[in-house]
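So that you can tell them apart, the chains are marked A, B, C, D, E, F, G and H in the order they are listed, and the count of residues begins at 1 in each.
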């Protein structure tokens, strides 16, 4: 299925969870937060919450700022 | 010195808050953060760069014991700022009443805060249980409204972000201070140590800066200078300075001069 | 910090020079001197009060290890200043090339230095082997003449003695600094910590003050503030401050904002 | 001088706008208005004092040919300001797109404009066909929003009403000017002639004042001074001043000196 | 306005004194001199260029009715200045007690007046019957000595010649004014109209400038601006300005607001 | 009938018009504007518009202001 | 004879007066002043005062200055 | 004999030395310097140098100053 991750359209396996997405993106160790269609997905629900086609996802982390 | 900064129930030994942006490398940033003596540092929230793998994260370089103050830099609307704060809260892994530096700018040129959007976002964030520290113009009325909206502290600018112009309008800051019941922290504008000292001498509760340190030729030396300047300004404010007079007065005795 | 002040071959760890006048009592003075971290203190020369017996002398209250810088305060002519310095030398019990703060004022109202008499006295004192530190107006030409006359350092005012007006004319100080080959010490005018930091940021080699500390509500706190401010200003000067710009520039990354 | 101020399609020969409040009597006011050379004067709207009979009205004392600029002074909400403007329009006996000085303050102590209420009222008044000149804080973002709301000119303060502090923040005014497409008029804060000249030299299109003239020991002389200062500042702005330099340069020829 | 400047028994209707150097051509100079309204203009004394024949002299371009104030620009010693004044007197074709602007600089870089040489020359010139107007640093003591030496007026700088920095140290000027019995004329440093107005508001008796006008993009417009600014500043000084206050005060009545 | 004029409660004759009110208050020559219950009464309607009990009226004029 | 005029060594006719010098230099109309060996020569004496060998002469005029 | 000490005329024993003067004035311990008729008397000579009638003496010490 296609979804938008950080502004870019990507092809993702069907029935992927948020946790799966992060693994799929090769993100580990990183302290990240995920927003799905405008709503934050709490870390506790990463393993359960399944993505759907056309989801708009934001995967963010802290960077240097003032 | 038993004179801590208390914001939203949290206590900070240092009255200097520093940023983590614009450093040439993480090692320099870490050394500067340590030299600054700050125990609160601002960070930004950005999309993870999915192409860049394994790149060591910022957090590895922030000295232990420093609290994070996530900002909403880059947001031009209340909605984006609120979404960013919610993500920041998640990044903090919970924590009760998380701290956020609310910053909603008008545009990428003037870099001035948009008071209307900032106030709108502040009301939403306070309702959602955030400890909100808004960056704002030095408008006494707007600062009062942000306080009334439940912000834990209000952070008027000394001058535009990164301008290094210092405290452009000490009169407004004085009026803001005389009417405030929450801590007032000067955010942005400081260019050098005397600017920070001057702000503290006006009676502000703290100073937040990033570019003045990160952009100096020697960030670590400037971080030390800022630490000392904030302490000096605070002490001078509490010590009660001498009045200004057009004519001086002798500091040595007038009598007892030889041959008089 | 391996950044000592060197005047006439003498080395001082601190760039803050403090006075001993105007304190409400010797105990407060001693505490303030210690808090200031200074290792050079000014003293005045006066007729011994023959009626007051056994009164503990000033010197008992000056912390060990602090050098004395006798001044010629109260003198309105070159001759009186020279006589006062000769007596000061005797009071110092010799010592090679004794330090003196040469101060010849015009009158008791304006309290401005008399450049003509100061220069005349400086030439005599240098010839007699004194290490002369003249207090002077912020006149670049006069400062240069005092340097050419052999003064070990030149001490232009920031503002009149005890006025607390701070650095009235940073432009003149900058020109003086750019043309000087001896240390430039700002003497008089400083009112609060940021004034001292600002002076140091201009690049002066040291700051001398008395009233700003002795006249503060809490002299010991202000002395500490001044110690920190002088260090802060010096560090900031060496750290290389950011340039001043009318428009700011973001301190957080411009890209990677959510929903963009 | 063929350099008129144009606001909302109206042309004014003078760039000085003056108030009619605080004069010790109408005769003095009239003389000062005439001396000022202004052709636009502000007036307030107030309940008629039903007890005081036959008292000559203000309008008898305003020189012929001067346009009225009714203000909403005393209003603390957008609603009161809008009602006041509607009454002012009626008092003007119609007139197309009547001029109003929109002023919504936060409270009677700070006397700072309430940006939120001012913007709200401005939108209503523009929709109702008024030519709106809002008094505002020197906030570049708010000024831009007022322009975007359809205000014919924007009037940021130089300093609080009646404070006489002059142009507290020329940096903000400069940024406001660089981003404005409507006339910018400095309203409030001017204390003396050089303040007015300085404002004009920054490039503002006009200056509005009341207390500086009415409160002077000699209002008529000060009105004349302000007229000249506004003209001088405008001319200097257009004449293109010399750059500022730390070092000077001779104004007489360097060569041809005798005996050289 | 019955408020003439009187120097050494001579009366001048205008308080603005202008120079004749640095103009791109004589025609522009003449137009600017006329626009300035000045009736006293400075000129320099230089060796006649023996190679350039028939070249129209400066004097043909100075409007009738303007008095000449020859200067000693280019002199670095009292002797050269005195010789130059004697030649200037001859060029004036006698005239009793001829006016001279005494200017003795330290060097060609700093362009600051040499107080010692200036005072020495002043004494000689006064003895020889000149009406001496010395250019000097803003040193209150030196200014007093020049007055005591018999100078008809004293001309402290606002800032270095041609720097355009304005009045760098209004505090010193104020002290100079409070202690002077002869006219004080600010000479050099003015960059734009508000600088001239500010100087006059301090209470100085006149302003002398050259580069600010000759170096402007439009010298004639700037000359007009300066004429108006000097008049404005003088009037404002005499009109008695309002005091400065941190908080403002309403300029419209507090009572009688609708719906209250 | 009673009405509120410029914040004060006053007794007025029945059926008074706005024009009548001004006359009643002894206002003439003066350049005034009238607001009735929050709405401006245009000058043209002063002669027609009748007041009603409990009206809240504002009668204003220009005064010196900045 | 040789003399120095405005810093330059020049050859002049013997027995020249100051007035003669100015004429010799082609100076007319010009409002000038002359210094001879450090002393001003008043205009009234231009016709009488004779120059001598090695005289140092300054011939000056007003120019624009501030 | 009479002499002037710190501006005041005082009666002193004949043949007093500077050291004697200090003792006579009850000055001890104090770090003082003495000027006699405009010239400093070095400490080393206090015991020898005799005072003469009409001497003008200054006895000074350090005090607080800026």
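Everything below uses one rule, namely that a residue touches a chain if its C-beta (ideal position, glycine included) is under 8 Å from a C-beta of that chain, and two chains touch if they have at least 3 such contacts.
Keep in mind the model is a prediction, meaning the values are calculated, not measured.
So which one's got more C-beta contacts, A-C or C-H?
So, comparing the two chain pairs, more contacts are at C-H.
For A-B, find its twin among A-C, C-H or E-F: the pair where over half of the contact pairs carry the same residue numbers.
Within A-C, C-H or E-F, the interface duplicating A-B belongs to C-H.
Centroid of chain E to centroid of chain G, CA atoms only: how many Å?
For chain E versus chain G, the centre distance works out to 32 Å.
So, what's the distance in Å between the C-alpha centres of chain D and chain A?
Spacing between the chain centres: roughly 55 Å.
Chain C to chain E: how many Å between their CA centres?
35
In whole angstrom, what separates the CA-based centres of chain G and chain H?
Centres of chain G and chain H (C-alpha means) sit 67 Å apart.
Listing for chain H: what residues touch at least two other chains?
7, 35, 58, 60, 63-66
Quick check: what residues of chain C touch more than one other chain, meaning two or more?
19, 21-22, 44-47, 71, 73, 83, 87, 109-110, 159-162, 165, 171, 175, 188, 210-211, 214, 246-247, 250-253, 256, 258-260, in rising order.
According to the definition already given, which pairs of chains are in contact?
Once each pair is checked, the touching ones are A-B, A-C, B-C, B-D, B-E, B-H, C-D, C-E, C-H, D-E, D-F, D-G, E-F, E-G.
Under the touch definition given earlier, write down the residues of chain C that touch chain H in their complex.
Contacts found on chain C: 19-23, 29, 42-48, 50, 53, 57-59, 68, 70-71, 73, 83, 86-91, 93, 161-162, 188, 209-211, 214.
Can you name the residues of chain A that touch chain B in the complex?
5-7, 25-27, 29-35, 38, 40, 42-43, 58-66
So in the complex, the part of chain B that touches chain E is made up of which residues?
171, 174-175, 246-247
What residues of chain F sit close enough to touch chain E in their complex?
Interface residues on chain F, with respect to chain E: 7, 35, 58, 60, 63-66.
In the complex, go through chain D and note every residue touching chain E.
Answer in residue numbers: 19, 21-22, 44-47, 49, 71, 73-75, 80, 83-84, 87, 108-111, 159-165, 188-189, 191-195, 197-198, 201, 210-212, 214-219, 221-222, 224-226, 228-229, 231-233, 235-236, 238-260.
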